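Mind having a look at this structure? Questions to follow.
As written, the chain order gives the labels A, B, C, D and E, with residue 1 at the start of each chain.
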Amino acid sequence: GGDGGAAGGLAGSVLVDGSSTVAPLSKAAADIYREEEPKVNITVGTSGTGGGFEKFCKGETDVSNASRPIKDSEKAACAAANIGYTELVVANDALTVVVNKANTWAECLTTAQLKKVWDQGSKVRSWKEVDPSFPDQRLDLFGPGTDSGTFDFFTAAVNGKEDRSRADYTASENDNVLVQGVAGSTGGLGYFGFTYFEENADKLKAVKVDGGGGCVAPSVAAAQDGSYRPLSRPLYIYVSNQAMASKPQVLSFVEFYAGHIDEIVEEARYVPLTAAQKAELGAALDKAKG
Amino acid sequence: MGDLQEGLDMISIASDRPTVRIAAPGADRTDRADRAGHAAAAGPAGSADGPGAPPAVVELAGVSVFYSGYEAVRETSMPIRQHRVTALIGPSGCGKSTILRTMNRMNDLIPGARVTGRVSYRGQDLYAPEVDPIEVRRRIGMVFQKPNPFPKSIYDNVAYGPRVTGMKVGSMDDHVEQALRGAALWDEVKGKLRSNGLALSGGQQQRLCIARTIAVRPEVILMDEPCSALDPIATGRIEELMHELAQHYTIVIVTHNMQQAARVSHYTAFFTAEVDADGVRHGKLVELNDTGKLFTDPDDKRTEDYITGRFG
Amino acid sequence: MSLRRGRRRPGERVIEALLVAAAAVSVATTIGIVVALVEPTVEFFAEVGVVEFLTGDRWTPTLDPRSYGVLPLLTSTVISTFIAVAIAIPLGLGSAIYLAEYASPRTRRALKPLLEVLAGIPTVVYGFFALFALNSVLRGIWPGSDQPDFQNILVASIVMGIMIVPTVASLSEDAMTAVPESLRAGAYALASSKMQVAVRVVLPAAVSGIVASFVLGLSRAIGETMIVTIAGGLSSDHIELNPLRAAATMTAFIANIGQGDVPVDSLDYRSIFAVGSLLFGFTFALNALSIRLVRRFREVYE
Amino acid sequence: MTPAVLAAPAPSDPEVALTRRRVRVGETLFRLVLLACLVVAFAFLAWLIAFAVYRGWDRLDARLWQNMPTGRVSRIEGAGVQSAITGTLWVIGTTALICLPIGILAAIYLEEYADNERWYNRLLELNIQNLAGVPSIIFGILGLGVIARALGLGFTVLTAALILALLVLPIVIIATREAIRAVPQSIRQASYALGATRWQTVSRQVLPIAVPGIATGSILALSRAIGEAAPLIMLGAVTYITFNPDGLDSAYTVLPVQIYSLVIEAQAGFQRLGAAAIVLLLGLLLLMNSLAIVVRNRFQKRW
Amino acid sequence: MGDLQEGLDMISIASDRPTVRIAAPGADRTDRADRAGHAAAAGPAGSADGPGAPPAVVELAGVSVFYSGYEAVRETSMPIRQHRVTALIGPSGCGKSTILRTMNRMNDLIPGARVTGRVSYRGQDLYAPEVDPIEVRRRIGMVFQKPNPFPKSIYDNVAYGPRVTGMKVGSMDDHVEQALRGAALWDEVKGKLRSNGLALSGGQQQRLCIARTIAVRPEVILMDEPCSALDPIATGRIEELMHELAQHYTIVIVTHNMQQAARVSHYTAFFTAEVDADGVRHGKLVELNDTGKLFTDPDDKRTEDYITGRFG
């Protein structure tokens, strides 16, 4: 750590670690912040949400990126080490269900259909079994690893319980593999973050999701207004209260983060916060500052 | 072709076997002159081919050997006579080993080595393009200074040659036995043919290498200081063995030890290294002669100097 | 004219102490590894039975229903290692024989270090190469229903095999060059052809070094992480015997959980230490075995 | 001169023709197969390099090492990996400073001092052989639990260097032992016979002769370390850092980790940057291996 | 110990220098008996200490040497007399090198080697716990079978010993020159002191090793087959050198070559290996005697057998 000074004169380090899904946001934030406070050294690590919290709750980092809310065991660890924290929602993500470009039949899937496919013990092997109107095309499934926050969120949202899923799908921590997988197999079906779909929109087709309120295509607007249900989710950062109090550069960075959140989200290609979320963000930060 | 088995079992000593004894050359003079009496004296060019001399099996004519351009041995001509022991002596670096290696194309294996002139075996040019060096080595075997048995069993060491050359042998066991008998090693190892060749003593290892060599039934055996790593007792055994082998094989031996040359050979070739006009040293054959004559009454002054320099 | 220590030689003592200390670092490393593994492993086995761990055929610590049978990871590790070694040994040994017995010393001096580059290439690079370059070729060769998965054990193993080639080649070549020239000369003088010299004399004489190189290659394959993580896949819910399918090896599992979102203070996370301990024990046993093996060959040939 | 053919029959084969009897097809085939092995290995090397160069072609310029990484998608074109390059140099430099002295001293102990009849020395030897086979990811576990946490060194250049140093230590020890063992015993005997102490013998005779072998082994060990990502990822590697390390307690990232994080990004621009960084890393590696060749050839003693 | 400088520059030959000539032992009998006449005949236990014999510098008493439990040499007692050359002969494996190494504790370097009995140097037990083996080797130097110069310059080879032992020498250049003169090498190398010692010929290398040894001014020089890797000319030079060195140094030489022992030594010890009741071979000293006597009229039947086995 180090001492800060007036605006533009801060120095010292800000240590950010945690989820690799949220990392692009913090990286973008750091990148923009750097132009304002060039002497503050910010590092962003990608130990995963769990690894990030472990370090965070040991006081080894100042900010923890998280693709899911903090768990009880992690709360306990933080409490044990007397680390107070502030949870901030910094962006939204729309988990996107994608199929192959050549897939002409699946325009929209209901959550029930998704559950039928993805549920634990599911034996669905053909598109025909998903919906009798679909052709008898082999179904190839792609999704993130079972240890990821994305998986946790999707299984909770679709199958009703976290970690409840069929296991016989191609899992990868590298979303590019999932992109390639779906793009390369006619009967492919997969899910991952909206960004990866956007970057590869020419190779993939996004499926509309019907969560009970009709078919909605994933989009920034749909994710923001809550109509893309149930697959839109918030992304978090957790900030150490102690760090904010003792390291002015941490507070400065987090304030900057909150203050420039639209620009940051845009640079990281995520779904921006709604006005209400932004207000919440400001309020949470104010509360943390006391 | 003599029957190998018969030869190998023969223990009695042939009449022309040189006496195995060390003695000041003077004392031995008559004995020696008598023994190899039919071989005429050789001139410096080494053409010891008087009437009655056995035919040459290998013949060098104007042979020079180069190591990447350096002429290690210059213009050497000499015959190697059948069923005789020819010794090559001379100071270190005069090219004895080099010349020996030209005779079975072992110098093919030295990068940069080149031979000019003609080396012939029974009239055929050993370095002709159509000649297969592997065939050459099948007929002209070699034993080295340091015993170098393979890290295999004694049996496999001896059987190696027949196996790789695809030799037709009735029973390999018999064949191995004969070869070991031929090398006077059979009695010492017959109980442990399966044990490792490296477990033998130095002298036994060297005899194993000889057994291994005769197992492929070569016509000529080249030996490069075969006893220099051995103690006197082991040396004595190998020397004795050489005499027996000479009945069936043509032998060329390089040695540093003049007594040894005197003891075992019929002919001796003396090499030396001479500095030419450019200051470069080249090996050269000075004199090839009947052994008795060379050690007692050499034709060349340089031979005499070398020998007396040692013999006092 | 005393022969007692004239000058004290304290320097010698200090140096010796220093040397012992340096050698002790390796012991400390092993102790450190054991310490790092033991506590979480013990905690893991407080909740999961050893028998279940060793015999269960489903490994789903982050998936409902939870199951902690390590056999799927073990199987994929064994299969991938086997394939990698099956590629590396012939290629490596062939290269070694060529370099040691056929290539000129100049060629050897130039080619060997170049070959060693293969051993130094970051495994991350190999991983992406396997995934994006080699796999497209493989999938092109096998179109149709048994087309390889997007991540599969085969592609990861092939690339691991290539990575290990220099390990095998370099050490085997060293062992063969160390075979005294006199043995070769002896064999040539017995009318051996070049191949006979190489195969019947040099190879057997170098066997202990060659076996050692195989073992080292083997342990590199078992321990290789990034290639299998990137290109091999993650699934471990059943024992997968088909190398064309995706499957997680022990190392891939550890690396994935290690950077995943699982809470650290959980059974899910502690499972990596159990797998780590197994992996450590596995390589330990393998090394012990290999040392035996090498020693046995050495006894025969020296 | 008597014609050779008239000579008494040889005790060997009566047939004296020396020309090739058998056409040795096997020989040629064997040689070709061996060559093919080498060719396959090199073909993969070439393919791999071509693959990386092709993918990273338009990012292979000065930006790569002049610029820092970015977190902004709009700035991808201006991004580089300078901090990863300097981080790699720091980490590998420190690794070398740690593992080379320790490795060489340990090897000297084992070769020149240890009485290998003693059980503890044999155990030591076994332990080193065994460590050489321990997966690198296990070293990551060691690094996280013991070095970073228990020893309190945190997530710094020093921690990374220590992990990598311990990882390649057995390689250095084994290579150095090989090099020391290759020094003829006669040199040691001569030195002792002149009244030299053990350390004088080692430092003035053995080590200078063993230098080329030690150097080659060390360079190869370090090039292994340079490419290691698994243990550092286990440690929770930093993937965004816009300053160069300035000390052992500094935060850092290294090229393999940076490459890994770049290649899994969604944007093609990041992936291309990653590919270019791969080429850079391969170049660094080739440089180190060439250094090994030069050292080996320059200092090799003709015995 | 004589003044080194004086000794090194001395070229004239002392009166008791043995004649350097090879000869059948018989022919040389009187010469030899006369030369070392004052040394009394030694019994099998080798206590050749008649009146008038020079004092023993090194003395072995009941020395046995074990290699990890195997008793290679058993119960050997013998004196090594000042300014005399003592030769050790015997068949391979009888323990000559082993005994030689006990005299300057070189066997400390062989793992598992153990010495019992007493080896004393000027009355001090060499194996007493307070004795520093490094001090021992400074006083009792050694020359090996294969020339083993360091891969350094000729100068550094010679200067190495004085440097590591921290010897006080006025000028190192002078000291190196003296040592090289003492080894009869100066004239051949004075122009190229900075060139590598390995670039010399075998014989020159061996003399360099001798120069290196005398540069630390030892009192005793042990030589283990110093000529066996050399050609006769180089051998002759070294043998001549030995005679000169014997004026100032006490020399022990192991040799396979009986002629050499006869030529260079004052005393000869004959070792042999005998199989004991358990079938294990042990080396044993058979006879230590005045060289002339040992080769012409040995006291022990086994010596005679060994010698006549070779001499005919």
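Points to keep in mind about this one:
As a convention for this text, a residue touches a chain if its C-beta (ideal position, glycine included) is under 8 Å from a C-beta of that chain, and two chains touch if they have at least 3 such contacts.
Just so it is clear, the structure is predicted and the values come from calculations on it, not from any experiment.
Following the contact convention of this document, C, E is the list of chains adjacent to both chain B and chain D. A simple rule picks the central chain: find each chain's mean C-alpha point, then take the one closest to the mean of all protein C-alpha atoms, which gives D. When chain pairs are compared by contacting C-beta pairs, C-D ranks highest. For the pair chain B and chain C, the distance between C-alpha centroids works out to 51 Å.
If you average the CA atoms of chain A and of chain C, the two centres end up 36 Å from each other. We define each chain's centre as the mean of its Cα atoms; on that basis chain A and chain B are separated by 85 Å. Separating the centre of chain C from that of chain D, both taken as means of CA atoms, is a distance of 15 Å. Across the assembly, chain B contributes 135, 138, 216 as residues in contact with two or more other chains. Shared interface positions of chain D, defined as residues touching 2 or more other chains, are 197, 236, 263.
Multi-chain contact residues, meaning those touching two or more other chains, occur in chain A at positions 20, 46-48, 51, 173-174.
By the contact rule set out at the top, the touching chain pairs are A-C, A-D, B-C, B-D, B-E, C-D, C-E, D-E. Of all the residues in chain C, the ones that touch chain D in their complex are 9, 11-12, 15-16, 18-23, 25-27, 29-30, 32-33, 35-37, 90-95, 97-99, 102, 109-111, 113-126, 128-129, 132-133, 162, 165-166, 169, 174, 193-195, 199, 215-216, 219-220, 222-226, 229, 251, 254-255, 258-259, 272-273, 276, 279-280, 283-284, 286-288, 291. Residues 24, 26-27, 30-31, 33-38, 40-42, 44-45, 47-48, 51-52, 101-106, 108-110, 113-114, 124, 126-142, 144-147, 166, 169-170, 173, 178, 197-199, 220, 223-224, 226-230, 233-234, 236, 255-257, 259-260, 263, 278, 281-282, 285-286, 288-290, 292-293, 296-297 of chain D are the ones that touch chain C when the two sit in their complex.
Of all residues in chain B, those touching chain D in their complex are 1-2, 4, 7, 49, 55-57, 59, 79, 82-83, 120-124, 126, 130-132, 135-136, 138-139, 166, 216-219, 248-249.
Residue ranges on chain C touching chain A, taken from their complex, read 60, 62-65, 131, 139, 145, 149-151, 229-230, 233-235, 237-238, 246, 256-266, 268-269. Residues 13, 15, 17, 20, 23-24, 26-32, 34, 41-48, 51-52, 55, 58, 60, 173-176, 193, 195-196, 198-200, 267-269 of chain A are the ones touching chain D in the complex.
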